[in-house]
Every structure is written in structure tokens, then in C-alpha cells.
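One chain, chain A, links the two complexes that follow: it is found with chain B in the first and with chain C in the second.
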Partner chain A sequence: MIGTLVDEYTFAVEPGKVLELARAIKDPAARYVDAGAAREEGFTGVPAPLTYTVVAGHHRDAAAAVELLGLDIARVVVGEVGWEYERPVVVGDVLHGRRTVVDVKRKAGSRGGGMTFVTLETEFLDAGGDVVVRQREVLIETGRS
Partner chain B sequence: MAQLKPGDTIPELRVTPDRYLTVRYAGASGDFNPIHIDEEFARQVGLPGRILHGLWSMAQVARAQTDAAGGPEALRRLSVHFRAVGLPEQELTVTGTVAEVTDGIAVVHAVAEQGGTAIIRNAEAEIALD
Partner chain C sequence: MRPPELTVGPITRTDIVRFAGAGGDFNPLHHDEEYARAAGSPTVFAMGQMQAGMLSRLATDWLGLDAIESYKVRFSAKVWPGDVLTLRVAEQERDGDRVEAVLEAVRQDGEVAVRAWVRAIDINDR
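On to the complex of A and B.
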């Protein structure tokens, strides 16, 4: 399963979506809504909040991804998430996300119901093909109860 | 740029997700899992009620680091472990301590708590100091 392509998609970093996410996470910083404030802080454009790549949820199908991995969605939880930043994501970027399986581990449970840990990595590339952000997530399928 | 040294604490962040926050975040993120937006469904699957999106809580951890770093561009890496469910209408607190500083990178260990329960543990951030 390691190396399997889970999904890939392309999306533009839009000012309205940046504003919507900044409001949803209750971040009052002016840099996310005001190009002048962003420039004063040295950004080339309005930056997106650090967790902006979550908007990929609009571009992919969580249920289909879990099915592709052979997991039971009713027993899947996200145990860990991590981000690595090469540069700030700014409004106007067009990102291409490519999510692959990088690790699979199985752990025997105490009552025979093993757990499965699937680590996925998404690389978000800009229009020039450079990696901007890497996102890792560990899906945990808990044992049958 | 931020001046951080081992043992320093980062400014505490306190934020209270309002009653309909999870609906707003579902729309922003595209994560419409009913455990976040449907009280009845959440209870049917054994949860205390609608729960916060883990990535919303992570966004609060990221913001606490951003505030400590003097801006989001200083954050190089951030990872978290989800340990318990977060709930709407309860104050969430993010605290953190600088664990080490090596080659101009401060490593901050952080926790997000609600009502004394750690919902995010082992959060680790790398902040560039120069």
C-alpha cells in the first residue's frame, strides 16, 4: 500500500476563502484580510492562515479515500497531523495537492481487535512546481468493539 | 523577530468556540462530517454532543505559535497529537514552553486544554529566530 496515490487536485488560494477561514478560526490579524497590512509585514501578498490547506476538503472525497485504503470509515479517527512550510502560502497561489500513503503499521489489540495506523503525506506544489507545504496525517482504524 | 530561549513560556492563548462555530468551520474547511454539525448524530455514535474539528483546535495551536514568533512566516514545522475531543462553548487554552534552541530554530512544546483536559498534546513547533 505504501506509495499509493490517494487523491490529487488543484485549487487557487482565494481572498474570500482566506477571510472565511480566518474568521472560522477566530484569528483577528489584519494580515489575512488587508493587503496593506500584509505588505507592511513583508508578505508578497495576503497570506493564508497556516492551516489553510484544510480547504482541500472541498476538493477531495474523504469517504472514497478511506475506502481506497480499505479502512472502515466508522472506526477511523485522525490521530496526528503535521505541517512543514517551505514558504508562506499567499492569495493568488495555485496549489496542486498530491496525497500518498507513506507508512502503514498494524498493532495487535489487547482483546484481539488490532489497530491500523496509516500515514498519509500531501505535497502542495505551486504553479512553478516547487513544494510550498507538506502535510502529514496519521489515520487510526480502531479495533472492532 | 522573536527572542526565545529554552524555558521561556509563549503567551497563553484563550479562545471560546461559540455554539455554531463548527458549522462555520465546516463551511470554511469542507469537512462536513456529521459528528461536528449534527447533535443527534453525534450522540448516537457515543459522543457527548457535536465535537470541534481537530484541525480547528490545531489552528489555535498554530496561532499561539504565530503570536510567539512575531508572524506566521517564522513557523517552519508544526505537528500535533489529538488526545481527546473538543467541545463548543468551552474555553480552550493553548500554552507552550521553549524546549530548545538550535541553529536559530526554537522548538516549542505546546498543549491545548479545555476544562483541564488536554485535547491536543505533544504539539511541537519549530520557529525560525533569524
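On to the complex of A and C.
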């Protein structure tokens, strides 16, 4: 399963989406809504909050991805998510995300119901083909109860 | 360089719906009361990414958005409507202009809802 392509999509980083996410995480910083404030802080444009790539949820089909991985969606939880940044994501970026399986581990359970840990990595590339951010998520399929 | 401490909440169902719209997570467990109860949950609960995002503000307020090299979260307890979260720095290690820190969002009952590991560089000018 390692190396399997889970999904890929392209989306533009839009000012309205950055504002919505900043509001939704209750971050009132001016840099997320005001290009002047962003420039004063040294950004080339309005930057996006650290977890901005969650908006890819609008471009993904979570149920289809879980089915492709052979997991039971009723027993899947996200245990961990991490981001590594090459540079801040800024409004105007057009990002291409490509999500693949990078690790699969199974743990035997005490009552016969083992747990499966699937690590997915998404590389978000800008229009020039450079990596902007790498996102890793660990999906956990819990044992049957 | 004194790390900030922030409080958010009480979290409302509207907060959860707002995050669903922002992030595109329309799993009904997070907004549909009847569905959540049928699935065995007492009520709807927030998606972990909501509190992960709230906790990220602590990192950017403290260290600066452009100084952060990596941010990783692990979810450990659910956040329910009515919960109040305290966002704080649990551990920090500074080496020159680099910082590695553990942040946590703690519910009013003392349970850690989400823990984050953050690494930042070039923070000397802050």
C-alpha cells in the first residue's frame, strides 16, 4: 500500500478563505485580512494561518479516501497531523496537493481487534513546482468492539 | 520572549459550524445533533482541526508566523460545546535563535484536548 496515491487536487489560496479560517480559529491578527499589515511584518502578501491546508477538505472526498485505503470509516480517527513549512502560504498561491501513503503499521489488539495506523503525506507545490508545505497525517483504525 | 497564555471559549455549536464551513469538514458528527446521538455521542463535538488551529495562534503570537519551521498536533480528548480552552506553553527549549516547544490546549476540567510540537528559527529579533 506504501506509495499509493490517495488523491490530488489544485486550489488557489483565496483572501476570503484565509479570512474565514482566521475567524474560525479565533485569530484576530491583522496580517490575515490586511495586505498593508502583512507587508509591515515582512510578508510578500497576506499570509495564511499555519493550518491553512485544512481547507483542502473542500477538494477532497474523505469517505472515498478511507475506502481506497481499505479502512472502515466508522472506526477511523485522525490521531496526529503535522506540517513542515518551506515558506509561508500566501494569498495568490496556487497549490497542487498530492497525498500518498508513506507508512502502514498494524498492532495486535488484546481482544483480537487489531489497530491499523496509516500515515499519509501531502506535498503542496506552488505554480513553479516548488514545495511550500508538507503535511503528514496519521489515520488510526481502531479494533472492532 | 515570555510566552503568552490565551483562553478561548466557551465553545459554541456556531463555532464548530463556522470551522466546518471554513475547513470543509462536513462530517455530521460535528453539526447534526440527531446523527451524533445515534452514533453514541452525547452531543456534537468539535473537529480536532478546530482546536489545532486555535492552538496554532499561540505559536504565531509568540514566535512569529514566518519563524515557524514545523507544527505538529496530536489529539487526546474531545472538545464539546461549552468547553473553555486554555492555550499555554507546556515546555520550551531554546538554543541560540532556535526554539522547540510543546504547547497544549487544556479543557476547564484539566484534560489536554490537543498537544502541539513547534519548531522555530531566527527568533532573536522578537
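Criterion: the second predicted complex is superposed on the first by the 145 of 145 C-alpha atoms of A that agree within 3 Å, B and C clash if a C-alpha of one lies under 4 Å from a C-alpha of the other, contacts with A are read in each partner's own complex, and residues count from 1 in each chain.
The working rule: a residue touches a chain if its C-beta (ideal position, glycine included) is under 8 Å from a C-beta of that chain, and two chains touch if they have at least 3 such contacts.
This is a predicted model, so every value here is computed, not measured.
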Inset, instruction - Go through the superposed model and pick first if A:26 touches only chain B, second if only chain C, both, or neither. - result: both
Inset, instruction - Using the touch definition from the top, say if A:49 reaches chain B (first), chain C (second), both or neither. - result: both
Inset, instruction - For A:100, select first, second, both or neither according to whether it touches chain B, chain C, the two together, or no partner. - result: neither
Inset, instruction - For A:88, decide between first (touching chain B), second (touching chain C), both and neither. - result: both
Inset, instruction - Would you mind listing the overlap between the chain B footprint and the chain C footprint on chain A? - result: 17, 20-21, 23-27, 29, 31, 41-43, 47, 49-51, 54-59, 62, 77-85, 88, 136
Inset, instruction - State the interface residues of chain C toward chain A in the complex, per the touch definition above. - result: 8, 15, 18-19, 21-25, 27, 48-50, 52-54, 56-57, 59-61, 64-66, 68-75, 117
Legend entry - Residues of chain A defined as touching chain C within the complex: 17, 20-21, 23-27, 29, 31, 41-43, 47, 49-51, 54-60, 62, 77-85, 88, 136
Inset, instruction - Within their complex, state which residues of chain B touch chain A. - result: 15, 17, 21, 24-25, 27-31, 33, 45, 54-56, 58-60, 62-63, 66, 71-73, 75-82
Inset, instruction - Would you pull the chain A residues touching chain B in the complex into a rising list? - result: 17, 20-21, 23-27, 29, 31, 41-43, 47, 49-51, 54-59, 62, 74, 77-85, 88, 136
